[in-house]
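Going by the order they are written in, the chains are A, B, C, D, E, F, G and H; count residues from 1 in each one.
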């Protein structure tokens, strides 16, 4: 897919309330380019709530249901049920933050996945409750400063894509705002599949991660290049690395993780020990992925 | 008719003319631009306007001056200057 | 057709007759029979609906909100803890102006766990902006659930409707119910159509984004106004029902009321026992009557104050408790009559809490006690049939 | 006249269904009726209670039955753990599934009817997973003891509830019990 | 020590001074500063407490329930949607008789989303069996939160306590607050000890298993009785506070009240603006006064009816709405006075909904309007400063 | 471990309200034998609520907190926090049904796992909401009849142990009431580990699964012997088969799945196609486990 | 003292003498019993009483007659008989 | 006399902190004060408003300030998009960060004081991530225009807020602005 082939139309209007350099509004913009105008959007409480602007106006051109923080996957299930019974067939897309996904929305999400509802759930992961002012979420990475983890978060980042893959749904993918075509391709693929699709979008947030607004993409790219964030998809149980992550299985191909950490204020005061744990976790994740790929290879050749 | 439910209709500038938010302004150097549209796809605001011929223009009324376009332009065709 | 149905099955038949399109509910005693019967209707193809088997009540109501926003006629049912677990979404449904119908099988809230009848759950959500009915019999229950859709979808209303029923003493009692013909019901309740806001790509809008104070207050006023319309709409719909099916219920159910000197005011199936007590006492020369509130929200304050001004003594029997404050209906009745010239003597009773039975004999006692208290001018609230032994350690 | 009937059985014997069938029979005769279980945790084998209230005219009562005029005991084992006559009106009737005349001395003060419903049910092959299903037989005995409805109505109600052979056997159980039940 | 603190930080300091042992909360605007400040206290070692960073409010309250059942002094705070999301557990906490303290930063419920001040959230849980205070100033807030633990843990009470504060107009206003010395507070509030039921293997018991009707009703009565004790305990505790710290608040806050002919009755920070309006009008010869409810639950019905019987006209200003019914406090006030001989003229105002400001000038208008309505005998409720333009499509 | 070595003491009293042949009360009895008297129990709404009997009596001898359906993992977190701050150190054990675990309690469970709370969470899985009368839960198996899936459940059983393993907690295990020593060993091990421990106990329920009460153990054993239920533990990420499952990696070693299905009324009317899907799913699960074991072997030898 | 909270204390037979629930009764044949304690560990009711010498006894007051013991006894030492 | 002050700035310039520092200064002088932000979504760069209310005596007001007697503009760009004089009392004072005399003609009718706070801040190195931090300088100018508190109290409040060098520089910014601010 080439940038030039992308939809010229915009589905989120300029002059909205996002911070300068916002990955959430960018993510939404890219979704619009993937799905066009025939889709219904569900948005729980999050930065996206504010970004839309205030009644009686909205920055969003797609029909959108704002819903309570914990309720997006269920509300989307309801829309999908109504469309089915009324003989309509638009993609129903949830666009939710990491808090609304990994924490308070997890139960509804897991339930909808188990029921294999025909919806596409996209989590933009800015790794904290940004809308309420940078409190930790379960998706906040180990070691990161937030206003409720002043000395850095003690626990590991919850691996939501892995948890969702454990639900045996037809499609799970990770993506990054720094790799728009990769993301758009995944969304396009997802909405064609019947059943529950989950896409986890890495969304570096200048406000919460404490980096200058022009670095949103750069930080996102560093996350991928250092191997901190891995781009992959799991289609019917088969895992595939995508985009630049394809070439990063070898540790030597990856940039040093410190480059990623250094770019952000929230990781300013990490001790060496914590940095080491942080890196070890990433190593472990890559090893796990390497193993799975090996096995898949093994199986497909035998 | 009375609007009973809280339904809102699309409108540009829900947060006002967000151009005022800038402290720096992206300036395009058309000479250097190779029309790769990287700035267009990355602009969080949609304020890089894509023309028919894939040349670009900046919508200063709403551009918040984040600097992403300048930072990402592979041709260094966009410069951020103090307002 | 006359069938012998439990209250729960009456509800399920009503949903069937209303041709609901999306059902989502989560099982909880004593509501489960509703859920199970509807699953049967759907799986056997009798009802063409999507049945979404959610993982919690919060999600059940969220599914209804999503489905209703997208234009479908939706149904759910719950009870006690389920109602509280979904309460964020209960509030949401009304503020979003969605015509969802939800029977609530009223059950005592824990801890300690208790599955029996009490109305506290139902009354805890009385200020959530829903229309609320409370049924006395299975027939009324069925009829009211169908009527509820007409009311909910009326463009002067556009609000969700809750129908309360007593745990076990209605939900699990089988009695004869005249189940109307589907064709007639269809005439009374055509498919949902007239909602001015349905999510659809052909006319994109955003539902429920941030609203600033002035706007929010205006929307609240619209909600309030629609609630005020309910009284009128309920009467109209009930009259129309009467024309087609020969049954009607009104907003207030008055029994031996017009010349009554002493009146029991209450809600639910137990009002029937109060009626039997009134019959009994009338035979013994006591001018007893019963006033049952069928529509409990919006609270028919004006209607109540109009008709109670001529009564001498009123016993409000609350099967609910606001700890430290007493009975909730008592408070509302008193407030309704505050500005009346003739204010009856009102005495409160807290009875049947935790599912304790209230029998016809008990109501006879309540009538008698009320007359006595009236004479003494003792208007305090009484805990009826309280037994404190168990709390001794 | 309101008949207030309490059934005592054990989880698995069908007391609740019996109560409901009695109401259905009454309704076909244009009468009014209600049935309901005592709702607790009904475990298989544990004592359970069910109620029916039958009258000529519709009434408004929904409260439980505390002073029945008829008590039906589906399983005489119950007599050891439950006071089945609790609240039973002095002129009330007791109907017990038993082969012996008075399974318990203290019951003598009531008008008592016994029937060997177990034998009838067994002879008709009415048993499921070790449980002899005596509820339909007991219905026949009740009607014999107190003519709340006709035996025909009961048999019809049974046949409407279970189609085919099952219905037929159960109706037959009711009929036989109707014939065999006897006062003491 | 005098500090300039926001309302939220006053709450956090109060928790610090109370030496809470387990904190669990979930962030929500406008409560977040409380959560954040407490995280700071814990992470810097100023407060030796376990801080459980839960994934939702339902869990926040469940953590408090678990911790409190195991004997710890526990704290949480929330607002609006958070309060509704946890409502099942809110009810649980009081029925389980656990002395948890929870400030609630009152905010308008959505949809549409709105983050500003309104009291509907707080009042929706008024029948949940909690003791409820509502503060006017940051100083009162801090003092009340500390007092709350004393009241909650008093063996005549043993109930959770909620402390309401206004979103932004208190939570985010910085003003001078006298933060008491820790040592003095420790004397006033020793470590939690005297609870007669704490989960411990040395004396195993089961908390909250199934209870049959009679037992359940008895437990409810115990709850009710403890709530009735609250009025007395609050006064005692407040007096003791006064002795140590030289400040006290009472149950009702009367301002220029004793000789007032016209009184505004309301709650929260905005009562201060009403007081300024009363001052202003007094200078102009109007006998205006203010009655602010500090303790809102159990509703001090007797106290109110005692002192309002002598007033001519009362304006109840409700910053909350029960759609179709009107203001919640109005209803409670009317009910409280039902049996009084002298009943004042009462007029209701719905004001400040959705976070709309109510200024001193507005209160002057409300006083004036009330006097006018009093003359006319027009006791209907008025929507104050309503602007309906936006609802035109 | 030998049966004779087990604690003679009982921690749940006879004459309680369980159905005859109940696996939930048996499971609790076994937990008592594993932990002794110094433990605190948390129980959400479930059959266990009823089994305890009514106030002011209880069948349980361990200190027990009954809690709302969705709240057990959070309530246990609170108890654990209180014990820690008060310097006490008893195991805190949640005993919850599959509904309270896989459905309405999942969010609190996932949150507690992410925070690595020091609790042991035991789910007794009787594969439906039995207490309310056999409605489907997300843990109900594919094809099973319940009162809300009259034609058999359409969706797969949610794999909660796998989901919990995706939370990177120190200990995850499966168990069965049919293998008491295996279960007791796992509980004993779990309570010694600091952090979040999850044990998923297969609990065949005569009432809900429609088999005679004497077959509880037999059905449980068949589940394991046919490979439908796999006994394993995952300690610090390392998976190990336990008990009889150790020898069942080879399909030929396993009894035919039909034997398990036939023993239960709820699988009475399965079509051949559904039986096939059912079997295929089990095959797949074993393959997955086989792969993981292979890999672990591979890693430990290199 | 008054009990304010719903706390309950351990007590046998919360559901009554559950022995009445039985329709069949387990009968132990001591001759056959090999004291393996399998019935003891599997009894959901705890009504197989384990004696000092690991012989067993059945508590008929509460045994619900589920039949698990009989079904599992490897020595077939327990028989279920109609009550 | 109650001073009601409204600050207009842009997210990132510290208007809210300025309001709070003013209150802290007042409190050290035994006065009463309140400060609060207008709470919306404060994005970096977007217009923001903050308030302070200072008086000799304690009062009970908690409602927002709608008719300030002092308006402070931290960034003159704001003037293009916000009517900063909305509600400003006729005899009120306007204090603007500007190098030119009247950045906008319409402001002429108010008592107006200007100060080049940006220049002062820049010269003291007060900038973070491209943002010149003018809030403390503006405090000095306010005190010059209206003697709400003494400049010493303001400088103390600043130094109590930020220890060490940062406090010192910011206090110096206030002092310089206090000297340089001038009426028109």
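Here are some notes:
To be clear about the criterion, contacts are C-beta pairs under 8 Å (C-beta built on N, C-alpha and C of every residue); 3 or more make two chains touch, one makes a residue touch a chain.
All values reported here derive from a predicted model rather than from experimental measurement.
Graph distance from subunit F to subunit H, where chains that touch are one step apart, equals 2.
The chains in contact with subunit C as well as with subunit G are D, E, F. Comparing the CA-atom centres of all chains against that of subunit B, the greatest distance is found for D. Looking at B-H alongside C-F, one finds more C-beta pairs in contact between the chains of C-F. Using mean Cα coordinates as chain centres, the one most removed from subunit H is D. One simple way to say how far apart two chains are is to compare their mean CA positions; for subunit D and subunit H this gives 87 Å. A separation of 81 Å divides the Cα centre of subunit G from that of subunit H.
Remark: subunit E and subunit G have CA centroids separated by 54 Å (rounded to whole angstrom). Note: centroid distance subunit A to subunit H, computed from Cα atoms, is 41 Å.
Those residues of subunit D in touch with two or more other chains are numbered 43-46, 130.
With touch defined as above, residues shared between interfaces to two or more other chains in subunit G number as follows: 1-4, 6-10, 15-18, 21-22, 64-65. Residue positions 53, 55-56, 58, 81, 85, 88, 92, 95-96, 110-113, 115-116, 204-212, 215, 219, 222-223, 226, 357, 390-391 of subunit E are each in touch with at least two other chains.
Of all possible chain pairs, those that touch are A-B, A-C, A-E, A-F, A-H, B-C, B-E, B-H, C-D, C-E, C-F, C-G, D-F, D-G, E-F, E-G, E-H, F-G. If you check the complex, the residues on subunit H that touch subunit A are 41, 43-46, 129-130. Interface residues of subunit C, counted against subunit B in their complex, comprise 95-97, 158, 196-197, 204-209, 211, 219, 222-223, 226.
Residues 58, 81, 84-85, 87-88, 91-92, 94-96, 108-116, 120, 123-124, 126-129, 207-224, 226-228, 230, 297-299, 301, 321-326, 328, 330-332, 334-335, 337-339, 343, 346, 353-357, 379, 383, 385-391 of subunit C touch subunit E in their complex. Those residues of subunit B whose C-beta lies close enough to touch subunit E in the complex are 1-4, 6. Subunit C meets subunit F in the complex at residues 26-29, 32, 35-36, 39-40, 43-44, 53, 55-56, 81, 85, 110-113, 390.
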